[in-house]
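Below: a set of structures, written as structure tokens.
After this come two complexes, each holding chain A, first together with chain B and then together with chain C.
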Partner chain A sequence: MRRDVQKNLLLHGGVLVALFALQFVLPAYHHGNVARIMVLATYAMGYNLLFGYVDLLSLGHAVFFAAGLYGMGIAVSHLGVSAPLGLMIGVLAGGVVGAIIGALALRTEGVAFMIVTLMFAQAGYLIILYFGEITRGDEGFVIQQVDRLFFGGDLSDPFIRYYAAFTVFCISFLSILALLHSPFGKTLIAIRENQERAVMLGYNVMRFKLLAVIFSAALSALAGATYGLLFGYVGASFASVQYSIFPLLWVLLGGAGTALGPLVGVFFMFYLIDISSGMTTAYMLVAGVVLVGLTLFAPQGLMGEIRRRFWRWLP
Partner chain B sequence: MDFGPYLMLATLEGAVTAAVLALTASGLALVFGIMRVVNVAHGEFFMLGAVLAWWVTDLMGATPVLGFAIALVVVPLMVAALATFADMTILKRINYDPERTIVATIGILYILQQVTLMTYGPDARPVTAPFNTRLALPWFERTEDGISLYWPWGLSITSYKLAVIGAAGGVLLGLWAVMKRSRLGLMMRATEQDREMALAFGIPVERIYALVFGMGAGLAALAAVLVVPIQQAHYLMGGDPLLLSFIVVIIGGLGSLPGTVLAALLIGLSDGIISVFFSPTLAKILATLLVAMLLVFRPQGMFGERRL
Partner chain C sequence: MTKPKTTQTTRRGALKTLALGGGAAATLPLWARYTSAQTAAPVKVGFQVHRTGIGAAYGRWYDRTTTAAAALINEQGGINGRPIEIVAEDDGTDPKRGAEVVEKFVSQHQCDVGFGTLFSHVVIGSAPRAGELKLPYFVVSEGHHVASGMLNRYTLQPGITDVKSQVQAMAPFVAENLGKKVTMIFPDFAFGHDHRDFFTAAIEAQGGEVLEHIAIPPTETSFTKYFPKIPRDTEVIYHVMVGPAVLTFVKELGEFFGPSRPEIFGFIDSLEAVDIASPGLEFLDGTYFWEGNPRYAQDNQSDYDAFFRARVGVDANGASISDPKDVSTYAHMFGCWETLHVIKAGMEAAGYQSAADRGKLIEAVEAIEEMPHSNAYPQGAKIFNGKTHQVFGHQYISKVVDGKLLLVHTTSIEDTLYPDEVDYTTQPL
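Here is the complex of A and B:
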């Protein structure tokens, strides 16, 4: 048991150190990519919190990502709020949207939950298009460089951007690990394993699930707001169905219910799509093939398979 | 145009939408009703129907009418065969687990869509209708000597659109007859009611599943072949039919065929009429939210008894 804790510390600490060190060796193009991957991995971790640890499969997480993105973008660009405050507004917006959708969607289960979340996300996407005068619809809007100052640091500078992405990733990653070891996290896992028993033990399962949805939405929104600040663009495509499918794909590929799965999944998928989009415009074909292949051959994902075969101690 | 003729035109156009939607959605309802799985790739089977219809009529370039007739028969069969293949190679292997099926069909969605993009390309291409006479329609007006008919300018429909409505009605009646009157329909209904019991009575449930999945996709493809002379074939055209079919199947009571047809009429007609008076985006937002709420508060739909 103690040895497992040590191994865990070593592995996860090692991953964080490696991510930090990567910036000194990577060429410019991949340097930007890894910054992007860390932000998207934060989004994937938000998704994994719900899908991996509570076994709630949402098909509408893009609406939370977009709530963060637009909450921050509109506050910063239209209302002249500073970037740090904008970031907080984005996260708050995600939490509120999560609370509303969660309270409604959690009345359903299984397939109905998937379709209801899909429908709410679609409504969110259409609402963004409908208010085209503010959101600029599909075209989106650019966040000016002057608005992207974070306590004096210019987020459009590649190195500061990398640090910012790394910080957000670290905070989210460590909070998730802490959460999983807290009584709250253990209850969530208990609900995943056997909901009836959790109810019988006197847990208010609904409340725990709703809190999980809100946390997951807020984390997704944090990723969205960060993405907008770091890369300076806010657009409706981030609210489309595709961006609800992506986190599912990442988490399935990396391994649902594993701490490192989201990062691994985003990393692989990002470079798979990056390489294939150099060869063909139909790069989403890769996503389709991976999805089908995963459901058929490796429903546990990469880290899940590693845990099953070699490292049983992986969290 | 006055309000009356305007409304009639919107209703006629709505009826065409409703007919096509009823065909597409009944395919989805059939698959959900009997197999208890949600096929997210349904819209792509629709798209494939339209694209293949273009391909067949293009091959038969010299004789467009014959080409269209061939497409009408061959294309749904091709799409059904492809869907049956997908069922046997993918869905059967994951044991029709509801959640994993959704993930797998999302994968199939991207594969079909992107392969179409690679082969057929990003263009929208038209198919000429086999016949397309414009029929002017009369409207009545009140004059001093009672009610008389006149032909308002712009109030017309093409013979092809009327044929689409008729064809859809015919196919749906045929489907109903197969389900209720044939031995095959009996086996399907037995599978729907109790899979294990059907298996125990020697019904080849796996083959029924493959057949039903093929039929569902074939119906979507048939609807697309019918609609492609009105709407062009494009590799991204599967999104709207998928969303609308979902809405229709949910309102109609999951898996109930009469409910599905009724809901398709409701949605198709109101879509035609609403989009004349309101912004289409707003109409879509309201429809989507309404249906989500329906699933949350009344999961058995308006006409059905089953729940997801």
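Here is the complex of A and C:
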């Protein structure tokens, strides 16, 4: 048991060190890509918390990502608040939206939960379009460089952007790991494994699930707000159904219910599209075939498969 | 004590020098070829193309036009004696991917400029990265986002007019020829809101008024329930719809009015890449459309338009020469052709040699004032505003007659002008 903890520390610590060190060796293009991947992996981790550890399959997480994106964007661009405060407002917006949607959607289960979350996300998308005067609807708006100063650091600078993305990723990653090892996290896993038994043991399952939705939504919103600040754009396309499907794909590919799965999934998917689009115009076909292959031969995702075959101690 | 260096020529030294000199002379052709290759290296133009996603129909024709323009420029000797090379990357009509593609142009393909984006959300999502990476980013989008001051000094729109100038130039014709009481039907998102705001102000300036604004939600698939909102005393219906439900919209509008209808004025965006003679569109006969460039070759067609059609492979009906059912996006795609010629003119004026001259290129394009009607600018003469990075040009109004678009009015460039909203030249390079 103790040896497993050591292995975990070594692996996860090694991944963080590697991510930190990569910035010194990567060429410019991949440097920017890895910064983007870390932000999107934060989004995927938020999704994985709900899907991988509580077994709640949401099809509407884009609404949380967008809540963070627009919460930050509107606060910074229209209300003139600073970037750090904007980031906090974004996370808060995601948490509040998560609490409202969670309180309503958790009254359903299974397929109904998927449909209800999908509908809420669509409603969120249409709200963004409806209030076009503020949100600039489908076009979106730019966060100007002067508004992207974070305690004096210019987030449009490649190295500061990388550090910011790395910091956000680290905080989220370590929070998830800490949460999984806390009584709260263990209760969530217990609910996933056998909800009836958790109820019988006296746990208020609804309360735990709601807290998980809020935490997952806040993490997704953190990713959204960070994305807007680092890349200077806020737009409705991030609230579209496509961006609800992406985290599901990333987590399925990387391995649902594994701490590293979201990062691996985003890395894999990002470079699959990037490399195949350089080879053929039918890159979506290539991506589709690879995804089908992975689903057939590694149904638990890449990290899930590694855990099953080699490292059973992976969290 | 140090030994003094000898400067005497020895036999061995002389032989070495001769051998080196001989070797260099023997390999001179190789070096000369290398030097020549350096100076004749292509000018790389990163082409952000909508190959997939909702912009794919436009992307296909933007691609063909760009390929044709690049071939022409290369036949004419390229840019500063260097051939032009188009490096195309699909952005999936998605702003996130668009920004990634811009990064790819700069740091992986080593492109000199970025070019060709149409959909506004992709432009707005990509422009911040282009500005940060100091990549001259020439968009062909129609959006007012460039001239509104939202973007940055590295983003320019020199090959196509923006929606604000197009819409305001329509108002005098509508008020004088069709009527002054207008009902507007538009999609309920930013593109539609631009039409609503700019046209309402412009028609009021002509002494007209908008009786009703009917905003259609973007996910709508049936429109019949909206038509009873059209006031009875409406003289003109102004419509601009986009997306897959456009045909349904036009057909249902025809069914609603039957034979007695008010005048109808629309933007061809509603029917780009769609055959006007399609079944169900008979109702459009006698209605009017804005066109960025007349799709059908007119009786008084300019030699420049004929040249442009022939080079891109478009017939007199605005469809592909190889497939008459493949209707082009003729009202917009000339923008790619003209923008590439602006890039050529700017690079030649700036003496552009490498990426280090990108700032000079921006300044050279900002200094362009007039573009004469020519093979390089076949849509018509234009005026470029270096401060707002936006071009202004003639707009065309056509009437549907026997299933074809007949040009009935050409606006002046002055009709399209409006006060500057930004001065990008004050921003640092």
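Note that in this section the second predicted complex is superposed on the first by the 294 of 315 C-alpha atoms of A that agree within 3 Å, B and C clash if a C-alpha of one lies under 4 Å from a C-alpha of the other, contacts with A are read in each partner's own complex, and residues count from 1 in each chain.
The definition used in the following text is that a residue touches a chain if its C-beta (ideal position, glycine included) is under 8 Å from a C-beta of that chain, and two chains touch if they have at least 3 such contacts.
Worth saying up front: this structure is predicted, and the values here are computed from it rather than measured.
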Inset, instruction - For A:A83, decide between first (touching chain B), second (touching chain C), both and neither. - result: neither
Inset, instruction - Report for A:Y130: first if it touches chain B alone, second if chain C alone, otherwise both or neither. - result: both
Inset, instruction - For A:V290, decide between first (touching chain B), second (touching chain C), both and neither. - result: first
Inset, instruction - Look at A:S277 in the shared chain and tell me whether it touches chain B only, chain C only, both, or neither; answer first, second, both or neither. - result: second
Inset, instruction - Name the contact category of A:S156: first (chain B only), second (chain C only), both, or neither. - result: second
Inset, instruction - State which residues of chain A lie in both footprints, the one left by chain B and the one left by chain C. - result: 126, 129-130, 281, 283-284
Legend entry - chain B - residues contacting chain A, complex: 38, 90, 93-94, 98-100, 102-104, 106-115, 117-118, 122, 243, 246, 250, 279, 281-282, 284-285, 288-289, 291-293, 295-297, 299, 307-308
Inset, instruction - Provide the residue numbers of chain C that touch chain A in the complex, in ascending order. - result: 51-52, 89-90, 94-96, 99-100, 103-104, 106-108, 120-121, 124-125, 127-129, 131-132, 143, 145, 150-151, 188-191, 193, 217-219
Inset, instruction - Can you check the complex and tell me which residues of chain A touch chain C? - result: 27-29, 32-33, 36, 126, 129-130, 132-133, 136-143, 145, 156, 231-233, 235-238, 242, 274, 277, 281, 283-284
Legend entry - Parts of chain A lying in touch with chain B, wherever the complex brings them together: 57, 59, 104-105, 107-108, 110-112, 114-116, 119-120, 122-123, 126-127, 129-130, 245, 248, 252, 280-285, 287-296, 299
